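First chain A sits with chain B, and in the next complex the same chain sits with chain C.
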Partner chain A sequence: MSSLKPYLQKNVKVITVDGRLFLGMLEGFDNNTNIVISSAKERVFFKDRPTEDMEMGLCIVRGNEVVAICDYDEEEEAVTDYTNIHAEKLKDTKNSLI
Partner chain B sequence: MLPLFLLNSVKGQPIMVELKRGETLNGTLTNCDSWMNITMKDIVVSDAHGENFYKLKSTYVKGIHIKYITMSNDLIDKFREEQLKEREYYRHRNNGGNNYQRRGNRRNYNGNQRYGGHSNRSQA
Partner chain C sequence: MLFFSFFKTLVDQEITVELKNDVKITGTLRSIDQFLNIKLDNIETDVEKYPHFKAARSIFIRGSAIRYIHLKPNTVDTNLLQDASRREAMASSGEKIAGR
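Now for the complex of A and B:
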């Protein structure tokens, strides 16, 4: 069985089904992939504006919202200038007919 | 740290819940269960665009409609403290303090009456 255990107490990025990106430290998880992240931030990219980080505090993300979780290097993150990185909003995972 | 344990320990604290549809509910958590169904009181609801707001006295939210729940970052320290205390308590109850009965075999073979031995033998 694959587990999130190696990611505990690590800085992680979480992508959710609505195409949003959360950052924070993974504090816990359960069998439904409900996760707890502390010092959580939502990072929002824009096409024409600088990137924004929104502080959210302690966050419990429901398991069926989670798409992917990855850990990242804090030092590398600190030297990356995200204000000059522009991107379109990620699409959600839903397969809409419109 | 299990997410639902944490949720259980922040009863009575202010939380913000975002639903799948994008509405957010700001209020005080009153109760929750193992399906993440929650009840809240004194809520301010805002729609997905953050344009319209209204108040609710209390509400019940089915867990399946929740996207995420956020709360103050300080609550995690509180939770850790509580967990430590609880662990300490159980350790104390199980083998700390009076561990008279736990240390090896305390069966009374020599009939000392004070410790509940055979009264006839100790009299002899």
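Now for the complex of A and C:
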């Protein structure tokens, strides 16, 4: 069973089906991958302007919106300056044939 | 459940998962469940193109977001898998499949 237990109370990055990226601490989850993340923020990358972080507080993400949850190296994350890292928006996972 | 069992035999192998948003993630298969949710360790992906995955170490991928799983050919016994799928299809339909 690939459970999310090892990620509990850890800082994680969550990718959603509409291609957005959320960061926060994983507080809970269930079998449908519904998740609760605290101190959440959404990180938005742009092609031509600085990266923005938007504070969201405590969030529940419905399981069917979740694409992936990853844990990360806190040290590497802390020394990375995201403001001038540019990227295109991630594609969504809907209508994949279009 | 056949493919669940099949993927269980691939635990600890290196696989590449292609998501429906075109992102390809390579890593060691750590575990799998009945929804084909996948956990990968030591992941590698194109961080230049997708800084979203910067500093990421391991990842949980929801089965519903997966488009393809790329495997090394030598890790799969295709004949055995084909035979097993055929047998499962037969068992679930309760009929004989043409040509067998």
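Everything that follows uses one rule, which is that the second predicted complex is superposed on the first by the 95 of 98 C-alpha atoms of A that agree within 3 Å, B and C clash if a C-alpha of one lies under 4 Å from a C-alpha of the other, contacts with A are read in each partner's own complex, and residues count from 1 in each chain.
By definition in this document, contacts are C-beta pairs under 8 Å (C-beta built on N, C-alpha and C of every residue); 3 or more make two chains touch, one makes a residue touch a chain.
Everything numeric in this text was worked out from a predicted model, so none of it was measured.
Asker: Once chain A of both complexes is superposed, is A:D92 in touch with chain B (first), chain C (second), both, or neither?
Answerer: The second partner, chain C, only.
Asker: For A:I69, decide between first (touching chain B), second (touching chain C), both and neither.
Answerer: It touches chain C, and chain B stays clear.
Asker: On the A-aligned overlay, A:P50 touches which partner chain: chain B = first, chain C = second, or both, or neither?
Answerer: A:P50: touches no partner chain.
Asker: Where does A:S39 make contact in the superposed view: on chain B (first), on chain C (second), on both, or on neither?
Answerer: first
Asker: Should A:K13 be classified as contacting the first partner (chain B), the second (chain C), both, or neither?
Answerer: Once the two structures are laid over each other on A, A:K13 reaches chain C alone.
Asker: Could you figure out whether chain B or chain C reaches more residues of chain A?
Answerer: Counting residues of chain A touched by each partner, the higher count goes to C.
Asker: Just to be sure I read the superposition right, which of the two partners does A:E27 touch: chain B = first, chain C = second, or both, or neither?
Answerer: In the superposition, A:E27 contacts chain B only.
Asker: Touching chain B in one complex and chain C in the other: list those residues of chain A.
Answerer: After superposing on chain A, chain A residues 64 contact both chain B and chain C.
Asker: Which part of chain C faces chain A closely enough to touch in the complex?
Answerer: 19-23, 25, 30-33, 37-39, 43, 49-62, 64-65, 67
Asker: In the complex of these two chains, what residues of chain A are touching chain C?
Answerer: 1-4, 7, 13, 15, 17, 19, 21, 33, 43, 45, 63-64, 66-73, 76-77, 80, 82, 85, 87-88, 90-94, 96
Asker: So in the complex, the part of chain A that touches chain B is made up of which residues?
Answerer: The contact residues of chain A facing chain B are 16, 18, 27-30, 34-36, 38-40, 56-62, 64-65.
Asker: Chain A touches which residues of chain B in the complex?
Answerer: 1-7, 36, 63-64, 66-73, 75-76
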